[in-house]
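Attaching a single structure in structure tokens format; questions to follow.
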């Protein structure tokens, strides 16, 4: 597995990461890593590689955009001194343009998204042993759907940045598209964003596979 | 307006009707008609036609399919002796086939839907001054979407039954499609089913327009 | 309709406006515009004129008098940069003189009411595309009733100010008087102030009719 | 004082009597007689005439009409074997005709009111040492108000029955009218029905004065 | 009645006064004067003398000793500009010596009690139209009981100060002793301190009788 | 210690025994024996004599009199097959005569108390290895106090029955009297009935000393 | 994978299975399969094999022993018509012998455990496509620990029954022992029974590996 | 008994001491000393030696290590001016090394433990009449268990410091070991740390025996 023994892995993002994690730091006993994908990462790492002793820290906050991540990057990422960092951001950057179309001040358009995410990566990558960038996703198979189309553009930015900054890229959209060959989106998430346990597991598995995790 | 003075109007259906109405009967003070479309019907009738003195009774129950309506039809419709009846049912009949695809016992397939709805209408229509049948809807513009496609089939049944049984037909799907020309579905409902205040108002307005309500 | 495409409409007032709106700003998803008249304005605008894309922002606070509005005018009106503004204030200014007759420090007498309201209008009108002034009301048909009599005096001030400052005037008292031809006040509001859904709808409708809204 | 030592006094009625009394019987420690007029009767009797040892039992239930009293008369009055009985009923009998005008099945019209109340009195009076009948009231000074006018008719029935059945008559409407010479109804009750502490005390005092209570 | 029309009456004290009054000032609608003796004073004044228009303000705080009163005297008494003031303090000053005998820092011994109370009276009496001093009390008939004995000493101080500073003195201990001729203390208060509705009424009545209130 | 290895000890009584024990049977994990004297008995037995393996079962119910015990004796005592039984009853039998003096139907007078308690003992004693009878108590040193005086009479009955039926007698009143030499009753219990942790411990210790428990 | 397409898999057991699943049947939306091992099985099956469409139904109830399973076997297993069944039972059968040593009626001794479990398997196996038996476990490495020792005996019974009845055997104790080579039991479960997310995942993984699940 | 009349005894520690005590200071009425060992000390002292009048103050805080004690020593110990002090600390210092093995910043290793505890004792001992040091404990009989082994090392430090600083040493580990001869750890504490009422009593008893308390 790519991640070294005794590493500290911080996962940052929005509600797909948060899952009612502990505050201010999502690490420790009693479900501190939350109820969704990060705790599944923690569970699988601990169950399969107990000897690796990886610290998993969940720093997601529901509703966040990359603009919000920038505001808390020092305290919530850099000050924690991660060895590995996982970033999953962009869904709200896109979604607000569709569910609050009139409140334009809440929209994070593509240039701001790209620029901010790159700025955060640039100043953090040198301090890390490894970086995992996950694409934002929309659980909708129709690529002509306007929100899916925009989400794909944001995902493409993530893919480019991963290539530029020596990061592992996890294509979560492709993962969900694979499942959607077999079932309808409502089976995974009524709102096509917050997935059920199958979707949470899908994310954790894709993340771990990028690290060459063996089940 | 088509509905006569001193009429009693019962609205039956699922969560689109229910809206936390009072139990066992959704009529009276303190928001007894619920928070959504039926109370908007009540508000508009009362504000514009106070002299008509229409009783509005909400008998919706969240999660219901037409199979559930059949089970409570005597107590919740016939025993209330409505003059007019509004029926909006079918969304869950379809949705369960998409969000619980494996739990087939929860699915109300098209033949059962048609047969049951017709049976209920047949035995009730003679006792009514008027009947309003509303199409079930899915807030999704893409007619190739599998759930939208099936919902359209259920809606077509409602339209046929309206024609056969001298009922007013309200094409709610067409109403939502009109709005979706101007905004994305997430602005109306994250889950494309339970609409925000704009969608609730849309339903009430379409219902009232069918009655020749003048604002 | 008088209100232009892409306008921002702020509604300010007391409990008749508030209705458990979101804090600090009553705009957004999940019922942020509250449960009463402003959300009905929002619902009707969105359902009928989706292409107009009007932002509706509810800034009511229960219990407020015009004295309270003055204290929060900068933050809650001017800083939001409305294109259109709706003001419905004065009920508590009058009511406290009748329900807390001994606590004279809570009373906003007519001169203070007129002067304060005019001051707020004067400094705001030039920044607006349109202003709607609604009369305070008391759901009591007897014009000799002391509280009704005083409410009429406050309403007359609103009407005068509307004429002086190029504002649309909405005579809510006249609207309620119309309904009261057909039913008793207790059917609308036990306390003759906080109306049921019929009264909330009445206010929204009168407001919208002043804007030449077509249902 | 008219009421004899060691008597048991039962007070029955609606929400004006109930006041969150203990169930099933409103007697005992920890506010069992409720928070309003019956507990004030209890407090004054106990403070001024401790040697009389009068048992006060509150059997009011909010929302009751005389039709409801009939349904529970055996269990809630006769089975308690009162020496004295106080009855204050009729407000909801009238109110429902004004706040739920369309739900006619909830209305207790004057003939039913008179007949039912007389039936209850007739079968109970012989078992009692004393009976106190209080008029229902509406805290509104305008005698032309429709609800006040009807309430006065119901009050007249109570007065007649008091004369016919050797009962003390307490004219609560007259008591409230006296207060209303000095203040507006909203100072006593926003809904003109459920009075503040001043009104509760007014009822208790009028009741006790009918018994020749000396403060 | 001794208290003049339009007077403001402030009642200050401990839990015998507080009774869940509103904060920060115990005046206004919805039970703001609390549930116990001050609201009974308010109720009786309003019911019998509505034309006098007396403002009743409850400033009691549970658990207070005279040392606590001193700490909040400016804000809670002087700044309210009372015309009349009622003080009922001393029970906790004594009680803590008996229920927390080891926590001597909570004890307010007799000299401190006398000195502090006198200081507060001295600086306030000139600003008042009238002052009512009530003795602290213990609902125990046995004058040899140690806590009763000490309470009597504190009561004697109140009586002396009333004589020195032209205040009306209300001997609440004597009032409770009168009741205790007819019933046992547990009927009034399990803890012999916080009285039931009979005791609360007793205090209100004694207070009002000192003002020549006529029922 | 008198109680044999592997014995089952049931403690029955009123609120002095109950202490929020588990229902229906007060035995097991997580504080099932309640918070007061029985759990202290359990704690001391387990800490000092772990090898004795005594089962402690709390069957107290707050508010009970001996009349209530009779009603549940079969289910709550006999069906549990205790080896040893502890009974502490009588406080409410006396107290109701003092705190609810008018509700005579709640009073358990001395003859009924004696007769009922004897009946229960008579039919149970033969099935027991040992029986402990505790006197009811009142935390008041003044033997002339009416409630103390009556409590002493009830305690005397318990003592007599203990002598007649080969039971251990625990004189709890004497225990409390000893403490009251050094502190005032309010330090132990504001209501002189429900003791603080010192009083609970006192009961447990007296109970255990009767069994020749060595600390 | 051994489990066939469109199979229904029921998982029955105690708190290790339950995890706040939905009642009465743990299947459906919104976390109906609970928060622990069954939902992890569901998540992994759905994420990796979406085309297999396996129904996962959680029927665990906290605190159950095999004696409890017997009592609800018809309703909770047979009536659901599972294709595959997973059973994890025995922990409470053992634990009660150690944490409630005196309450022997709660103990399910080894012979009863073996006999009851065999009876359930015997009557169910013929109706199943496959059966998975998991050993009960105790998260304690010391095999001389008395509770571990007894748990191993119960686990041996499960292993034997698996061999006799053509069931897959999952040795969960061996799984936990493997983890305990690398960390202390408190890292997995303070009580050595209810495991954290790592332990829940361990169970799900061992279960799935027995089915030849490929990650 | 070693502790003198009128002494103030402060007990400081972690969750074994805390037990939901009152904040900020755990002394006074209504269970202010918490529900566990300190209140049992208070109960026994008060029941047996009422004439000694010992003040018992609980200053435990759940989760504390000796590092936390240092941070609050001035406010929570020195400022309270105890005559006697009881310290029970170290369990969390050890436990975190076993239940949060990766979060090394939470670990208080042996040298820090020794140094910090000695520093606190050194500066406090001269101000005290007596000091009681209790060993931390782990309710596990197996001395080869890694956590038990480490706990024994921390306990040895406490024993040494007791000898060096003229403190009474209470060997709680030995006490629990004694009980564990007769029952399994799960009977005392599922987590082997937070004991049931038997364990709480064991601690109180051992503490008191060190003071030559006679039951």
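Each chain gets a letter, A, B, C, D, E, F, G and H, in the order it is written, and its residues are counted from 1.
By our rule, a contact is a pair of C-beta atoms (placed from the backbone, for glycine too) under 8 Å apart; a residue touches a chain by one contact, two chains touch by 3 or more.
For clarity, every value in this text was computed on a predicted model and none was experimentally measured.
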Using the touch definition up top, find the fewest steps from chain C to chain H. 2
Each chain counted as touching chain D and chain H at once: E, F
Comparing contact pairs by residue number, the option in B-C, A-G or C-E matching A-H for over half of them is C-E
Could you quickly compare C-E and A-G and let me know which has more C-beta contacts? A-G
When the C-alpha atoms of chain B and chain H are each averaged to a single point, how far apart are the two points in Å? 66
Taking each chain's centre as its mean C-alpha position, how far apart are chain A and chain F in Å? 62
Can you give the whole-Å distance between the Cα centres of chain D and chain E? 32
What whole-number Å value describes the gap between the mean CA coordinates of chain B and chain G? 45
Residues of chain B touching at least two other chains: 29, 53, 99-101, 183
Which pairs of chains touch one another in this structure? A-B, A-C, A-G, A-H, B-C, B-D, B-G, C-D, C-E, D-E, D-F, E-F, E-H, F-G, F-H, G-H
Help me check something: in the complex, which residues belonging to chain B touch chain G? 99-103
Chain G-facing residues of chain F, complex: 6, 27-29, 53-55
Per the contact definition, I'd like the list of chain B residues that touch chain C in the complex. 29, 31, 33, 35, 39-40, 42-44, 46-48, 50-51, 53, 178-179, 181-183, 196-202, 205, 214-215
Can you list the residues on chain C that touch chain D in the complex? 95, 98-101, 142, 144-147, 183-184, 186-187, 190-191, 193
